[in-house]
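In what comes next, chain A is part of two complexes: it sits with chain B in the first one and with chain C in the second one.
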Partner chain A sequence: MKRILTFFILFLLWLLMVSAVLALPPIGSETTPVTTHVIPRYLEQGVEEAGAENIVTCVILNYRGYDTMGEVTVIFCALIAVLAVVGREDPKLHTSKVDLVGIKESVIVKSVVRFLAPFIMLFAVYIMLHGKESPGGGFQAGAILGASIIIYTMTFSYELALSKFFVKVRTLMEGAGPIAFFACGVVALFYNQNFLTYIIPGLDPVTQTAMRSLMIEIIEVGIGIGGGTVISSIFLAMEKVEK
Partner chain B sequence: MRSLDLLLLLFLIIAAFGVVRTKDLLGASIIFSAYSLIMAIIWQRLSAPDIALTEAAVGAGVTTILFLITIGRTVRREDE
Partner chain C sequence: MINNEIIAKAYSSINYVVAVTLFCIGLYALIIKPNLIKKFMGLNIIETSVFLFIISSGLVEGGIAPIYTKTTPANPVFVNPIPQALILTAIVVAVSTTALALSLMIKLYDQCGTLNANKLKELR
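After this line comes the complex of A and B, so read on.
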């Protein structure tokens, strides 16, 4: 009896969802407000209004800036939660499980990582600085930067990684994302404009667009550095084991 | 190219079922990494390279490593 009831309720839920999907306008329909108002505005005035050639970057950092700022803050809060539960590592007291097991690293993996890790980091910097013109941006660069540090720590030893990526330096850089975002967003408030619009009135349009580009660049670099250090700090804090 | 898309979607569904049905957590997280990789290719095919980059770096790389560390730090307790 219970089973039949469950099945019946699930079936009703399925019907509801299917009817909701069927009621949506078809994808790419020309009469929806998205295609008549939003997309033309973004494509025609995006470069001028938001200051980036890549429309995705315009949407992420300018038109939907609040959303991205929330995400950056969420990543930072994740780091705080991990550090509150696990605690930060100390180079004198901690080592990693991989080091304790004492399996010898393979020469092939070591030399490949030694060769590739600098290029992965270079790629991350490229993505970070080119987020305005091409696919990519701060988040992706941060993730790749963090992944390269993780690869380095896993192949070489934990202590070597800690001696390269100091705790003190990482502590300073972890908040870079939210701080850069907030600092650039708050500038417009001083000129009685809305938060995160990056508008400075009284400038001619060319300088205005250049200022916006500069601020977007600053935010991208901030998110990239902040994201990379946050990911590597979470990894290093979780990986630590008492010596 | 349509057959490639269908093949990728098929693999995606198989990988998703594999993650849910696998009892071994280590195996499940590795299948989850494969799922993310397939998903990254699908994002690229849908011409969303930004999300493909994020999915490949975060989904297939960082998340898997964090899962593995968490599995290593926890104790297995099945019979209770």
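After this line comes the complex of A and C, so read on.
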């Protein structure tokens, strides 16, 4: 009864929302309000103003830098909250449930992961460093890096992963995203410019653009390293059980 | 009531219709399923539908990816970069909330031994 009633109400909601989205401008037209206000300026002057050939990177790290900085902080806060709830793992006290039950991965899976894991990490570094002029960037690199550590932990054992990715080293690297963002954003404050504008007055335009590109690159690397370690730390903290 | 015009309109903005359908599916899971993990999977489906909706609104007919390379033509038509940037950050926030919710569920299962919402209500 409850199911049928819910289904009926949701069907009414579906009809209402479909009639609403059909009144929107069609997908792909150039005159929708989404594409008319600030987009032409971003597309035409983004390379000179923001210092990256990839306009999405320009929008993320320069035009909407505040948004991204807060959001990097959100990831960091999520890690802190997870660690407050389930606690940090200790190599001496904890192991994973898979290790306790004693499931053995097949030789094929182990060999493939042993062969591929370094290349996955190399690919993450490539994505991280090429976010400025090609599709990619810090967030994607962080996801790939975290995924490589997770697949290593799942295939081999939890203890082996903890002996490779030390808790102390990860603790130092987890804050890399917010720290890199803040360090690059605060440079402009010393020259009486606004926060996160990456402007250093008194430089000629070419050096200024190069400077801005360098800072964007530093932030990408910080977000990549920070994001990857945060994802792997969350996974390792949630996976643990008492020995 | 339903004529060819409405069907043609729905076909031209099929992404929006699919996003709305996904939203309703996620809401159904959120309401009906008693298991907390399944409820949260419904919430994730809702998030995905919103991503699809916003990213679809940024498409420009015949547009290319908004990246200046050596092979970019003279007067390029780019797709809209803003929805892509918004969704890129939103995905990571979705991952963070999922991680926090799952860790809370781990703690809840340790304490109460169940993740069924109806049984948890009786426990007090």
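Operating definition for what follows: the second predicted complex is superposed on the first by the 206 of 243 C-alpha atoms of A that agree within 3 Å, B and C clash if a C-alpha of one lies under 4 Å from a C-alpha of the other, contacts with A are read in each partner's own complex, and residues count from 1 in each chain.
The criterion applied here is as follows: contacts are C-beta pairs under 8 Å (C-beta built on N, C-alpha and C of every residue); 3 or more make two chains touch, one makes a residue touch a chain.
Small disclaimer: the values here were computed from a predicted structure and weren't measured.
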Among the partners chain B and chain C, which is in contact with a greater number of residues of chain A? C
Go through the superposed model and pick first if A:Glu71 touches only chain B, second if only chain C, both, or neither. second
Of the partners chain B and chain C, which touch A:Leu10 in the superposed model: first, second, both, neither? second
Which holds for A:Ile150: it touches chain B only (first), chain C only (second), both, or neither? first
Can A:Ile231 be said to touch chain B (first), chain C (second), both, or neither? both
Partner chain(s) touched by A:Met173 [first = chain B, second = chain C, both, neither]: neither
Taking the superposition on A as described, I'd like to know which of chain B and chain C A:Gly136 touches: first, second, both or neither. first
Which partner does A:Ser29 reach: the first (chain B), the second (chain C), both, or neither? second
Of the partners chain B and chain C, which touch A:Val56 in the superposed model: first, second, both, neither? both
Counting contacts the way the document defines them, which residues of chain A are shared by the two interfaces, the one with chain B and the one with chain C? 56, 135, 137, 139, 231, 234, 238
Name, in rising order, each residue of chain C that touches chain A in their complex. 6, 9-10, 12-13, 15-17, 19-21, 23-24, 27-28, 31-32, 53, 56-61, 65-69, 78, 80-85, 88-89, 91-93, 95-97, 99-100, 102-104, 106-107
Residue numbers of chain A touching chain B in their complex, please. 56, 97, 127, 135-137, 139-140, 143-144, 146-147, 150, 154, 231, 234-235, 238-239
For the complex, which residues does chain B have touching chain A? 49-50, 53-54, 57-58, 61-62, 65-66, 69-70, 72-73
Chain C partner contacts - residues on chain A that touch it in the complex: 2-3, 6-7, 10-11, 13-14, 17-18, 21-22, 24, 26-30, 32, 34-35, 38-39, 42-43, 47, 53-56, 58-60, 64, 67-68, 71, 74-75, 77-79, 81-82, 85-86, 133-135, 137, 139, 227, 231, 234, 237-238
